[in-house]
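Order of writing sets the labels: A, B and C. Residues in every chain begin at 1.
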Amino acid sequence: MPLLEISGLTHRFAGLCAVSDFNLAIEPHELIGVIGPNGAGKTTVFNLITGVYRASEGSIKLNKQEIVGLTPHAITALGIARTFQNIRLFKELSVLDNVRIAHYGQIAYTPAEALLHIGRFRAEERRITNQALDLLSVFKLDDSAGEKAKNLPYGLQRRLEIARALATGPGLLLLDEPAAGMNPNEIIQMMEFIGWIRKTFSVTIILIEHQMRLVMGICERLVVLDFGATIAQGLPAEIQNNPKVMEAYLGEEVVQ
Amino acid sequence: MAKLFATYYTLLTRWHTLTGCKYFWPVFMIAGLGFCIAASTFEFLDLYLQLILIYVGINIILTVSLNLINGYMGEFSVGHAGFMAMGAYIASLLTVHVIPPSVQNLLFPLAILAGGIGAGLIGFLVAIPSFKTRGDYLAIVTLAFCMIVKSVLENIDAVGGPRGLLGMEKLTTLPWVFFWTVLSVWVIRNLVYSNFGRGVLSIREDEIASDLMSVDTRQVKIIAFVVSSFFAGIAGGLFAHALQFINPRMFDILKSTDILIMVYLGGIASIAGSIIGAVIYTILLEILRPLGVWRMMLMPLMLVLLMIYRPRGIMGMRETRLFEPLRDLVTEKLWRNKKKGAADAAP
Amino acid sequence: MSYIFQQILNALQLGSIYALIALGYTMVYGILTMINFAHGDLFMVGAFFCFLLAFYLHLSFIPTLLLSMLGVAFLGVIIERLAYKPLRNAPRVSAIITALGVGLFLENFTLALSPYPKHIPPLLQNTTWTFGALSISSLQIIVIVLSLLLMLILDFIVQHTKAGMAMRAISWDKTIVPLMGVSVDKIISLTFAIGTGLGGAAGVMYGLAYPVIDPYMGIMVGWKAFICAVVGGIGNIRGAMIGGFILGGVEIMVGAFFPSTYRDFVAFTLLLILLIVRPYGILGKPHPQKV
């Protein structure tokens, strides 16, 4: 049974068609890559899946449940989490708090209990703090638990963002350009990292990336977008030799 | 010089040990309450000083509650006086018209509570526009709300219209103010260091990311506005029964501005900062009273200078260890010990 | 019928004054994303300058108007340099609180110098023309016409001069503009000068129309004009004008048909409803966030 089924997804912004007729079916535990030149609509697809935008047309089904029209936090509660192209951590908050916030949906106490510190409050807070620290230590970030997120070096910030997304307990993880700004060594590490995440947390991953080595190295399937339209879908080896893809990236004259 | 710093640090450590002790807070509460009751019954603090302390307490409640919205959530609400007005009027109407004089002292806390609840309900209404609008546009909504409350009160003759309401008994005493002040500081601090408080902070930092990280932003906004306006209402009720007379003009935009100044003076997103801001502002205004009209020129000038050199306020976004919950540190310490233990056990 | 016409004139008069003040707010906001809460008090200072010039120096209308505008513009530029410039990179709220402080200072300074309300001596021959039950005073016409003239001049400056182009550029992207050889400081000072000058002009007009002035008159008017600017879409000059006329119209019309104590209540409720229906103001556009 497919985890995520997208059919006929189209989205327009005041006359401009950002995504047109996007179709994709993903099985659990797959690692899919979405690639394409800048402005092709890749992040828009992520925004549509996670509910930041409401799709103009089309349907997105998670485990057979329609999620178009749900609020972002409801979609996150159903098991989709993401990271962002330009890191969107909670900068002034500590590393620990960044991860603890992601547990919001799993908290079992009511506001009244929080205000008066009665009932399940203390136990739940202890549980979440321990869970957050466990997660941080898996990502080797627990030593900086008290640091403000904005003080972390870039690479650790990216790691924290992924940790934060995983703290929501997703079945589907969307990574938006996780290797942005990295040198070749770091890219190799990121490739191993992503593979490790998929195994350890048993998540399905969709990845937007420009770094071809990473994409070709770990993705099982690729979707290529250009100007909102899907120009190719298939195995990495097929995509690599697809003339339409080359044209989109390198321009008509070069291919000719 | 080094000796001075050394002494400072020793004192600070001793202070932290003292306040970290499990019985500190209950003892402080009881001692404080006892002191206030003694002070007001035996009057060994003169009445003028007591009145100042009462106003300091009321201002602390107002500042801490507004800081929740303006500091922690990062909004710009200028309507706080409107919530205060609701609490003041509801509490006053209850004590003047509903509660018989014989039980006024007994039922006073209920009247105050009713004022707070009324203000909280209105706060819920104001929270609704905050779902879609933010920033300056929300500021306007709160501004319009404040002015509407004032005009509505001016037009209802049953509550005295523009001339206001009088005849309240002087039910606000130092012990009551102490109680409500400590309660509001405690409750708001609890909220800030809980799941919902972290939600409030995340909305300030990045609302969209917050939504995507499972935070129910609507729920958080409602909680923040309701709690904030509830306590503003409480402060209003206390205020009305200290002054024994209220009219709509007391709760206009100028009052909101006063509270705003205390928040930004003391420091945004800081409970200690709110207390400091309220204390400094109230006391400074009293000390400078002999200066007459020059007082209100000196005050804003100092505020401007403060903003230029310390834009986030005295304790901007920092907190004293006093208010940070011990449990977080304890949990983390226990976790690290466990991890160390596991690391030592497995070679 | 003529009663309505009368009220329409009153509305235009009040509306033009609100529009002039709202323009000052919107210009400063457009360029610095800062709400200058001292603006209402600068309006009050304009009215007081008018009083000083008319009462002590016995100047006639045009010199009073021009000198008051210049005086307020000058004051505005000084305030910007001393109090707002250091906060250009600070969190926005700090600048707002500073503005509040500056406003408080101006109010109380004026109060110290002038504890009692002042009466501006009549500066203009006020002839009234009566058409049946309708009476039009020349004062009203002058206020309306002058205000519209000032607004047109402003529109021309912003749309058709280099300085205006620089202003618009800065409102889009402050960091790039100096790289184009434009002195951001000078343009910001110019914007403040024009914005506050218009506020000063509004003060003079207000003083002509309602001659008794006091130091606290700027507070309510200032906040109301701020609401006008937001209702029109803050940062949008045409919007500010529209917002000003809307509020003026609503206030006068409500005052005409309801008891005067309801005026503020109905006016603000209508504005609130307008904002709920169009959350970004009439001509405003939400800044779409790139996720």
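Here is the rule we use: a contact is a pair of C-beta atoms (placed from the backbone, for glycine too) under 8 Å apart; a residue touches a chain by one contact, two chains touch by 3 or more.
Note that the structure is a prediction, hence the values are computed from the model and not measured.
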| item | value |
| --- | --- |
| Per-chain Cα centre nearest the global Cα centre, belonging to chain | B |
| Pair joined by more contacting C-beta pairs (B-C or A-C) | B-C |
| Farthest chain relative to chain B (centres taken as mean CA coordinates) | A |
| Computed distance of Cα centres, chain B from chain A, in Å | 40 |
| Interchain centroid distance [CA atoms averaged], chain B/chain C, Å | 34 |
| Inter-centroid spacing, chain C versus chain A (mean Cα positions, whole Å) | 48 |
| Multi-partner residues of chain B (each touching 2 or more other chains) | 208 |
| Chain A residues counted as touching two or more neighbouring chains | 52, 84 |
| Multi-partner residues of chain C (at least 2 other chains) | 291 |
| Of chain B, residues touching chain A in the complex | 187, 190-191, 194-199, 201-202, 205-206, 208-217, 223, 227, 317, 327-328, 331-332, 335, 339 |
| Chain C contact footprint on chain B (complex, rising order) | 70, 76, 129, 132-133, 136-137, 139-141, 143-145, 147-148, 150-152, 154-155, 161-162, 208, 253-254, 257, 260-261, 264, 268, 293-294, 296-297, 299-301, 303-304, 307-308, 311-312 |
| Complex contacts: residues of chain C adjacent to chain B | 29, 35, 83, 86-87, 90-91, 93-98, 100-105, 107-109, 111-112, 115, 219-220, 223, 226-227, 230-231, 234, 261-262, 264-265, 268-269, 271-272, 275-276, 279-281, 289, 291 |
| Residues of chain A defined as touching chain C within the complex | 43, 47, 52, 84 |
| In the complex with chain B, residue positions of chain A that touch it | 50, 52, 71-73, 76-77, 81-82, 84, 88-93, 96-97, 100-107, 109, 111, 114-117, 121-122, 124-126, 128-130, 133, 137, 142, 145, 164-165, 167-168 |
